[in-house]
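See structure below.
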Amino acid sequence: MISVDIKTKNYGQTRVLKDVSFELQRGQCLAVLGKSGIGKSTLLRLVAGIDHDFEGTVRRPEAMAIVFQEPTLLLWRRAIDNLLIIHPQLSEAAARDMLAKVGLGDKADMYPKQLSLGQQRRLSLARAFAGHPELLILDEPFVSLDEATAADMIALTQTLMRELTPATLFVTHEKEEARQLADRTLELAGSPATVVPDCKITEFRREEAS
Amino acid sequence: LSPADKATASDLPVLRAAVLKIGTVNWELDTIKRNGFDTANGFELSVVPYADNGATRVALEGGEADVAVADWIWVARQRAAGKDYVFIPYSKAVGGLVVPKDSTATTLEDLRGQKIGIAGGPVDKSWLILQAFAQKEYGFDLAAETEQVFGAPPLIFKAGLSGETAGSINFWHFLAKMKAAGMRELISVETAAIALGLNPDIPLLGYVLKESYLQEHPEMAKALYGASRAAKDLLASDDAAWEPLRPDMNAKTDAAFETLRQDFRAGIPAPGNIDVDGAATFFTLMVSLGGEKLVGGVKELPAGLFADLE
Amino acid sequence: MATPIIRAISLMALLCVWFLLAAIGGDPTVLPSPAALVEPFWQELVSGELVYHLTMTVARVIAAFFTALAAGIVLGFLMGTRPKLDKWLDPWLVVFLNLPALVLIVLCYLWIGLNDIAAVTAVALNKIPGVATIIREGARALDPELKSMATVFRVRPFTYLRHFVVPQLAPFIAGASRSGIAVIWKVVLVVEFLGRSNGIGFQIHLYFQLFDVAMVLVYSLSFIALMLSIEWLLLQPVEKRVQAWRLA
Amino acid sequence: MATPIIRAISLMALLCVWFLLAAIGGDPTVLPSPAALVEPFWQELVSGELVYHLTMTVARVIAAFFTALAAGIVLGFLMGTRPKLDKWLDPWLVVFLNLPALVLIVLCYLWIGLNDIAAVTAVALNKIPGVATIIREGARALDPELKSMATVFRVRPFTYLRHFVVPQLAPFIAGASRSGIAVIWKVVLVVEFLGRSNGIGFQIHLYFQLFDVAMVLVYSLSFIALMLSIEWLLLQPVEKRVQAWRLA
Amino acid sequence: MISVDIKTKNYGQTRVLKDVSFELQRGQCLAVLGKSGIGKSTLLRLVAGIDHDFEGTVRRPEAMAIVFQEPTLLLWRRAIDNLLIIHPQLSEAAARDMLAKVGLGDKADMYPKQLSLGQQRRLSLARAFAGHPELLILDEPFVSLDEATAADMIALTQTLMRELTPATLFVTHEKEEARQLADRTLELAGSPATVVPDCKITEFRREEAS
């Protein structure tokens, strides 16, 4: 359903990514691992179609949702409006419901700057979950959250993945998170970064099964 | 200047004149300086050109100049408002109303319902006199029954030529150009003034000085008047005196140059003091026509308006 | 202190300064004291002149303002977001930005005729480049992350403009409108004295020719009073709502 | 395509439009074709008139521009960052913003005298409120988080202004300067025809009175040409450096 | 050395903090725990003197350094200048050295937006460490970093704490991090949030010793 084949991605003179390719079917979840600054967010931006300046091809569905590494909210619109503007087909009740699910039931009428950073991140999560994405892209979605809240969010993500069966691509530094959510992992390493050969798309479920 | 002249010149009082650079008064001032009429009358003329009439008045009021040019109705208003301005006649040239070459109009009445372009604004003297004339002659309310377009002189000039307006009232050097371009004078303000029983020989335009300045230089009024007369006499009689002025006259053709020279000569007033009674009659008419807007609060000609020149 | 009280005191202070200057100057024909304006003001008000000319001017200002603002915002936004277009149009912008008002006004009057369409066109043409210049800077500073977000979520163009772009441009629009309306009204003054037969500019120029400073001030201040009320009754409340998120 | 080429083509296109309009208009006294300007231009250039008047005008524009920009930025910054001060000064700002240029110019001339100090003061006074209005919006939009950071690290006021405030205000300053210099030059034109005996404004008005549109255009376009070169040789390179971080 | 005694902190009508008080000596490190949105960042802002709108008193030293929850960099200045502008007494060599320590040795001349989020956070850390703070305030400083990098940063922090002996106040969601760095912890809970009574300033070292 989505197929990614990136030959090279440069920033100016610097080559950042080289030969990264994978496929992902609906319902599948791929975790992207790699150390800070390796090129994970860059990869996600290429996949999402934000950045077209690279060599290679990406096939992606139309309906996408994204959680950036930073919340990226409309600071001048209330929390609830941040959902409704992005998803015009969403009813207000459904939006409030979604806010409640991420623990922001009582913050619907606040401006983003009136929320703590963790709350802003959850708002950004709610925004991604409120649509019907066929491809869900999450860039470190659960940082800045305490353990309990993070667990809630992971559970919520799992529910969503089960209900809507999007293809999911997500970045994390926590092996544990990857294990809980992902079918497979893809680790980036090197300079320019490329897929680590020996563990090329490790398949957890199978691993676990074996 | 010869060295001897220089020595005397530096001793003479200086009269600073703020004038519109393209104004006709420049022709006279230029002639005064060129022929030394200023030093001959015991002063040295220094001309500061400005690009706008308002600017010359600001210069006079602000003390940057000692003399400017205006009409005496304006001066009367200022005097009534407490300024110590006095008036020395310079020109009686007045305008008229011109219509396009192919216009069928023969009298003001024929302009009924049409547009008239007016350069001087709603209190333009020519416009006021023509209104009075239309009223008296035909019982026709010119202001009410025509549409007026007030605008900058060049725009009125152009609108007149293009036929956008059916009649135009403009400043006289523009009128000269309009006539040179084939427009026809429907009626001159002079004709209208005579019909209204006014003395057409009363010069409207003149030099304005401050009394305070004249107190310091008591001879200056007569000196300026003397120099002005000398220049006028020369310009009236001697065509050659015009040649050096020609580059500044902005006359593209010989015909235009001729018209300008003729009109200037026609505007030279008779020598001597202004006929105060005639001026008072004139002023009363202006008060009744222009009202407060034109003359401010005054109803009668303020005393001491005209400098004594004899 | 409550805002209206501050405003009143502040204006009072301005009035006092004026009283003082008038007293020091000592020449009512140069700067009349505020008290000397009451009578002429009343007179013009009763005669209906003031209201008539003010209405004409305001109508022109409004027409030119909205034309210039709309066109300027669109142009500035396009130039700010499309560097290629910007490169092509920039020379034109500089030329029109610096074309003297007089030239544009005279050309408009000569081509379109001595009428209000020409007047309003001239004023709008005068101000469009100025608005575009300011808005262009704002458009260049738009947050690229929000743009990315909109791309991924396939936000509709109109929604993008309304909820993403306009709020980010709000300070630029506010600045351009405020200083823009002031410039427009000043150009309207020129337009009116060059070729219209009514309006504040016509009156101001008339009284300036007559050197009647009191009347010039009466007419100038009437418009300023109007602008103050628009500022307080319309602009500032709207701005407060739009900027609420900053202060929350 | 290389920027200089684009600029050349773009200006050529503008020239073509002008040629066309002149041809359609068919009246060289209303809009002479560009070709008809070559001779008058050359004449004014050789006689030294053009250079003389241009120098005078440019000197006034520069003096007024830097005064207005400096004062306007300071005022706007203070009003934008101090809501209390803003409340007190806002009515004054609105009044001076909307005071007709004519009124300020005439008052300055009458008080200070018909000299260049008065002229420059009048122009600067005319533009300060406009600059302040735009900068105020920018100051209101300053990032409070960076301010907090500066507080904790005890960043010195001058450093704060230079590295925190100015870069954030840069788009507003750029917008205010560009549109500001254009307005200033236009007001200088008025100042010159109302009370100076030289400068482009003096010449333009003079030739307008004579209805010599060719000369009016010669003088207008000389200044515009100067502005274009300033834009290309100074402003845009500076802007490019200042905004480098956005494009990196 | 620093003493904090906050009676109440409201945002508009909402009371967020109530009766939070503690003292901290030079060389000591206090970890602040609590779930997302409880008021940790708010507390830090009060302590840092950013927000004066509260009831209570705070005594703090002059020389402070802070790492905000978001990088809060001068986006228009290069990485190295982001250190030099804030610390004018710092030599360029020292600044480069500090950048190398947080793993940004080759990014000194980049603008912040050219860095990955994790790199930006490390730049923000470098900025805090480059001065001589008597009070160091860190708001979740090690999120968005992979395990190895995070460990490096923690080690760096420990070194710095040993050398400069600032009083340190830091927020984290990771119990493990708190254990590594902090002498004591302070947990916020409730609404309005206050110090959790039973574990009021748990002292790790003592715990461990016992």
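Chains: A, B, C, D and E, in written order; residue numbering restarts at 1 for each.
Definition applied: a residue touches a chain if its C-beta (ideal position, glycine included) is under 8 Å from a C-beta of that chain, and two chains touch if they have at least 3 such contacts.
Per UniProt, the chains are A, E = NitT/TauT family transport system ATP-binding protein; C, D = NitT/TauT family transport system permease protein.
Everything numeric in this text was worked out from a predicted model, so none of it was measured.
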Taking touch as defined above, what minimum step count separates chain C and chain E? 2
Name, by label, each chain that touches both members of the pair chain C and chain D. B
Measuring from the mean C-alpha position of chain B to the mean C-alpha position of chain D, what distance in angstrom results? 38
Just the number, please: Cα centre separation of chain D and chain E in whole Å. 47
What parts of chain C, by residue number, touch at least two of the other chains? 30, 106, 110, 205, 208
Give the residues of chain E that touch two or more other chains, as numbers and ranges in rising order. 70, 114
Touching two or more other chains, which residues of chain B qualify? 54, 61, 152, 154, 158
Strictly by the criterion at the top, what is the full list of touching chain pairs? A-C, A-E, B-C, B-D, C-D, D-E
Of all residues in chain D, which touch chain B in the complex? 29-30, 106, 109-110, 113-114, 192-197, 201-203, 205-206, 208-212
For the complex, which residues does chain D have touching chain E? 145-146, 148-149, 151-156, 159, 163-164, 167, 170, 242, 244-245, 248
Quick one: which bits of chain C touch chain D in the complex? Just the residue numbers, please. 3, 6-7, 10-11, 14, 25, 30-31, 87-92, 94-95, 97-103, 106-107, 110-111, 129-131, 133-138, 140-141, 171-172, 174-176, 178-179, 182-183, 185-186, 189-190, 204-205, 208, 213, 216-217, 220, 223-224, 227-228, 231, 243, 246
The chain E residues in contact with chain A across the complex are 11, 33-37, 40-41, 69-70, 103, 114-119, 122, 140, 143-150, 173
Contacts from chain E onto chain D in the complex sit at residues 45, 48-50, 62-66, 68, 70, 72, 74-77, 81, 85-88, 110-111, 113-114, 127, 131, 137
